[in-house]
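Presented below are the structures under discussion, each in the form of structure tokens.
Same chain, two partners: chain A is paired with chain B first, then with chain C.
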Partner chain A sequence: MSNEENCFQGIVAQAQTAGAEVGPVRDQLVLDLYRQTQEIARQVVKRQGKKEDFDHKIDDFVTSKYFGYPLMLTLLSLILWLTVSGANYPSQLLSNLLFGFGSHLTAFCQWLKAPDWLHGILVLGLYRCMAWVISVMLPPMAIFFPLFTFLEELGYLPRVAFNLDRGFKRAGAHGKQVLTMCMGFGCNAAGVTACRIIESPRERLIATLTNNFVPCNGRFPTLIAMAAIFLSALVGTANNLLTTGLVVGVVVFGILVTLLISRLLSQTLLKGVPSTFTLELPPYRWPKMGTLLIRSVLDRTLFVLVRAVVVAAPAGMIIWILANVYIGEVSIIGHLGGFLQGFGYLLGLDGYIILAFLLGLPANEIVIPILIMSYLSEGVMVEPSSIEDLHRLLVANGWTWLTALNMMLFSLLHFPCATTLLTIRKETQSLKWTVLAALIPTGVAILVCFLVAQLARACGLV
Partner chain B sequence: MNCQHVGTLKVLSKLNQDKSDAVIALAGNPNTGKSTVFNGLTGLKQHTGNWPGKTVVLAKGNYRYRNKIITLVDLPGTYSLLANSADEQVARDFICFGNPEATIVVVDATCLERNLNLVLQVIEITPRAILCVNLIDEAKRKGIVIDFPKLEALLGIPVVPTAARDKVGLAALKESLHQVVFEHKQLQPLSIRYQERIEVAVATIQREIEPFLRGKINSRWVALRLLDGDTTLITEILNYISGTGPDSWEQGSNELKAVKCYE
Partner chain C sequence: MGYAEITLTALPIGQQARVVNVGMQGLTRNRLLDLGLVPSSLVKAVRKSPGGDPVAYKVRGAIIALRSEESRLITVWPLD
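Moving on, here comes the complex of A and B:
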């Protein structure tokens, strides 16, 4: 019996060698299969009249060789442009409102004769951090999520997956990974959960480990603010169009990094060939606007916002304490920042930025508020009334265009937030992959920032 | 409803206990009205159960036609049988190792071309297949005309147009099935031709693998899968050809998890 089994295994091995010699067998088999079904259908199926399928015509355009990519880029730019230019005014309004209420709270505390530290922790720490997160995050999300849901309901996203499938296949990954990345634009934790749609465990892991390279909503405000600061530092002005262009560039860079890392993973840790799959392109449907708004605002915008606020509240308190408790002449945050200064400088950043990213582990949204708080000697957040104010504050702390650029890159590439890591732990059931999911992006972020910083300095650009 | 380890053959022996005269597999793409066909044929006489070790639900049901009891097994809806997913693997394994007397493939008349991929893959495994072209009412509305006699001639298997929602064509489907299973109507299904270098390689492997399969499984299909490097199939084949009964199957499949037993 075992003899027969050995013989059988011999044939199997032989077949595998033969298969390797023939080339990509699966592709060839599927191609020949499709050729024959096409031929049969051509002979058997007739369409009466000239009622050519309308969806087909749109798809020929949307997924065409020449228009597919430009269209995707245009739509992405359009969404981001609407988000960037539409969010400015309501952001300012909200921040005036919330910070205005903050000064009432201060007055109230004084009236109560509350001790300074209590007022500091509650109003200057907790409240202001929450106020910042809400005013900076809510308007862009309230614009971005409905627009994104619109494309989703319209049926455009499967076409995106179709367009990018070739690239992902070449990277040894699954075409459906694109869909998980689309979810990642909203929230990386949601993106990681979405990886369940990929059947093959190998390709699911690749998608899980690289989902973080898509900037989520918590990071978009950071990217947009940094893009504006980068542009005003480099060319003097920052209009919405240029800012959008730069953010789109960063997103595209993130996609390229995703492809590169997917390829590296599929050649090293997660060896294998991509599996074929059938992606059904659903018919286009004009979304029902009412349901769309309700769904995107309630299910997504508010959900993400509440999560961010819940994290921001305690974080604001802790940061205030760190910034106001002094050891010797310097606050704790100052000590930590100083300790990380050398490492930060190597990456074209500084110690406080690294610290802000580390302390921002619970949620990416609070990285900038932490940074602002640590820059201010009193350890209190100023009202972020405009990008110009922020710019002045940062320049006063030694920022150049390189700092802004590398801050964008680091934000795009660094370790996922705690929620995402917990989701990865839950989905992979493995500590090893969770650790790798944090280490791989961080390694990439350090490497890229280091190279950019050294290059810029070597060329004397800074 | 006691839980125990079960394998394919156990499932089958369980199926046969129903004094069934023939077990028929029902395959098809998702959203083709496959379940409507299934319900239309079996009425309410059906049960669902898990495929051993997988969380894929299979439904089975009976109907009587010309004094024969037919058991239908509704396979998960799939686009292909290339074992990309648990669903596809279960569908493939049942068609290949489940020894159904025949396989009905349900396709959507409004997108025949895409659905035919699965049909060609099924007839690559088994010659005893019947094509059920469903949703012909919808195709008619969309102005799609299908030349059924020509399709039958090209594929080499019986083709039955149906509109299962309105029970149109189900009687013809039962009759066609009866002829294939009980009157041993000879079928000459179309065989997919591949590129020369693949055909050459397949011919070699087929020659060597033939004695191992003892005529139980289509050797050309196995050769194609081996060339394709499909490892999911290898253990299944080894179990299948060495298996003499449910007991030996059970030994060879100790990786199977405890699942709800059939019924």
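Moving on, here comes the complex of A and C:
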């Protein structure tokens, strides 16, 4: 036994000495590899000095001390402005089309003499929820994504990470977190998967836990709609410019919260020093516009349509049932909403809004349709097919500018959707972090909404 | 050559240098080796980010950004 042990320790010692010698050998290997590749490259690659100079000039501007930050903000505002002002018309068109077809479906059900409950579940529940999700979600996303993909393929996003790294370093996080946040604009589940590009486990976890503070595909249109409602409630008018400004403000607020929570995490649960940072700034490439347009538009359209069918349709059915099955005098949804009313009021919201966020756990896209159906079940007979209709319905249900503002804040900050949580579970392999990924944002959302509501009420603004 | 060895952090923007030593171990070292930042390779400080850190360096035709935490562990021999 002791003989074998000695033998084993001898082998370990030998391995350790050999390991120490490998260092320089490894350097030599890499050096030789590079020498060879350089030789090959010298023979076959033609250098375009002009292109490099051109890239250099662009970078001088894009990462400059004075223009770097304003340019980022301008580009974000421009993209959002194009999205906000471009989405109105196609949204209305789709809505007219889909809701028009809905009334044909109703007529068809009457012709079939289908029972009311069947018509309710299928047309008023399933079909309408789907129609809402498609007409509200699809146009903004079909405009936002090609623009964003354009910046991505151009090679601009690594420059953003380069510019913002200092802030993330101060927060104890990694500059590449910016890239994962950019992915989060599309879908937080994709953003969480993208966190793999961060090598250090500590900083990857920070990026994973805070990705949710970037509004995703399913929340952007909600934010845009709420911004318009907030503005028309507060200043009486909501033009595209003001709406864009507000949405940009909300996104920037989300980024600040990301930095703050990252900092708190790296000082408490995820203590440690910032690890190494290497980031390549690739040469600029002019994207292939045709492929870009077709791919990103088709991609997004497909994404929204699939979500509409897979999540919104069944949710619509369930919500319609909840809204139309009565226990005593009140529908199930009315009971639930009433139960949550006190809590909702504390946050400047109401019980139905809290319920809509809870029932919207499978997908953020269905939060507003659920809310509409809850309000409609109270007997307010408006069929909202446009933002103006929606505004009227909400005001009829006691909404003020504070409700719209806190709805935006809650939507920005609250727990991630079920898909994202499952992805976090898969990526972290830990139930603890998954639970924290839901609890931390929810805590932040409750705190922020509570403070805003109490402040507004204390100042007599509402 | 009237220069002495300095850390990569101290290399002024626009100046070229030859890498003398990469003073770190493990994953970080491997990562830098992957990028071609090995002793004897040429490196040029290209630009600072708006906040002053990280700094972008040109290594073998690619632009790589490093934080001062990394660049201070790399010693270089500045060239004219």
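FYI, the second predicted complex is superposed on the first by the 395 of 462 C-alpha atoms of A that agree within 3 Å, B and C clash if a C-alpha of one lies under 4 Å from a C-alpha of the other, contacts with A are read in each partner's own complex, and residues count from 1 in each chain.
By definition in this document, a contact is a pair of C-beta atoms (placed from the backbone, for glycine too) under 8 Å apart; a residue touches a chain by one contact, two chains touch by 3 or more.
No experiment lies behind these values; they were computed from the predicted model shown.
By the touch criterion stated above, A:74 is placed in contact with neither chain B nor chain C. With both complexes placed on chain A, chain A has more residues touched by B than by the other of chain B and chain C. Shared-chain residue A:96: touches no atom of chain B or chain C. Touch criterion met: A:16 reaches chain B, while chain C stays clear of it. Applying the stated contact rule after C-alpha superposition, one finds that A:277 touches each of chain B and chain C. In the superposed model, A:165 lies in contact with chain C only, and not with chain B.
In the superposition on chain A, A:6 contacts neither chain B nor chain C.
Once the two complexes are overlaid on the shared chain, A:239 sits clear of chain B and of chain C alike. Within the superposed three-chain model, A:199 lies in touch with chain B and with chain C [touch as defined at top]. Shared-chain residue A:44: touches chain B; no touch with chain C.
Overlap of the chain B and chain C interfaces on chain A: residues 26, 30, 34, 38, 199, 275-278, 280. Interface residues of chain B, counted against chain A in their complex, comprise 30, 79-80, 82, 84-86, 112-114, 116-117, 119-121, 142-147, 150-151, 154-155, 192-195, 197-198, 201, 204-205, 208-209, 212, 223-224, 226-229, 234, 237-238, 242.
Interface residues of chain A facing chain C in the complex, by the touch rule stated above, are 26-27, 30-31, 34, 38, 56, 59-60, 63-65, 68-69, 162-163, 165-167, 169, 175, 199, 274-282. Within the complex formed with chain A, the residues of chain C that make contact are 22, 27-28, 31-33, 35-36, 38-41, 46-47, 49-54, 56, 60, 62-67, 69-70.
The part of chain A that touches chain B in the complex is made up of residues 1, 4-5, 7-9, 11-12, 14-16, 18-19, 21-22, 25-26, 28-30, 32-34, 36-38, 40-41, 43-49, 51, 199-200, 275-278, 280.
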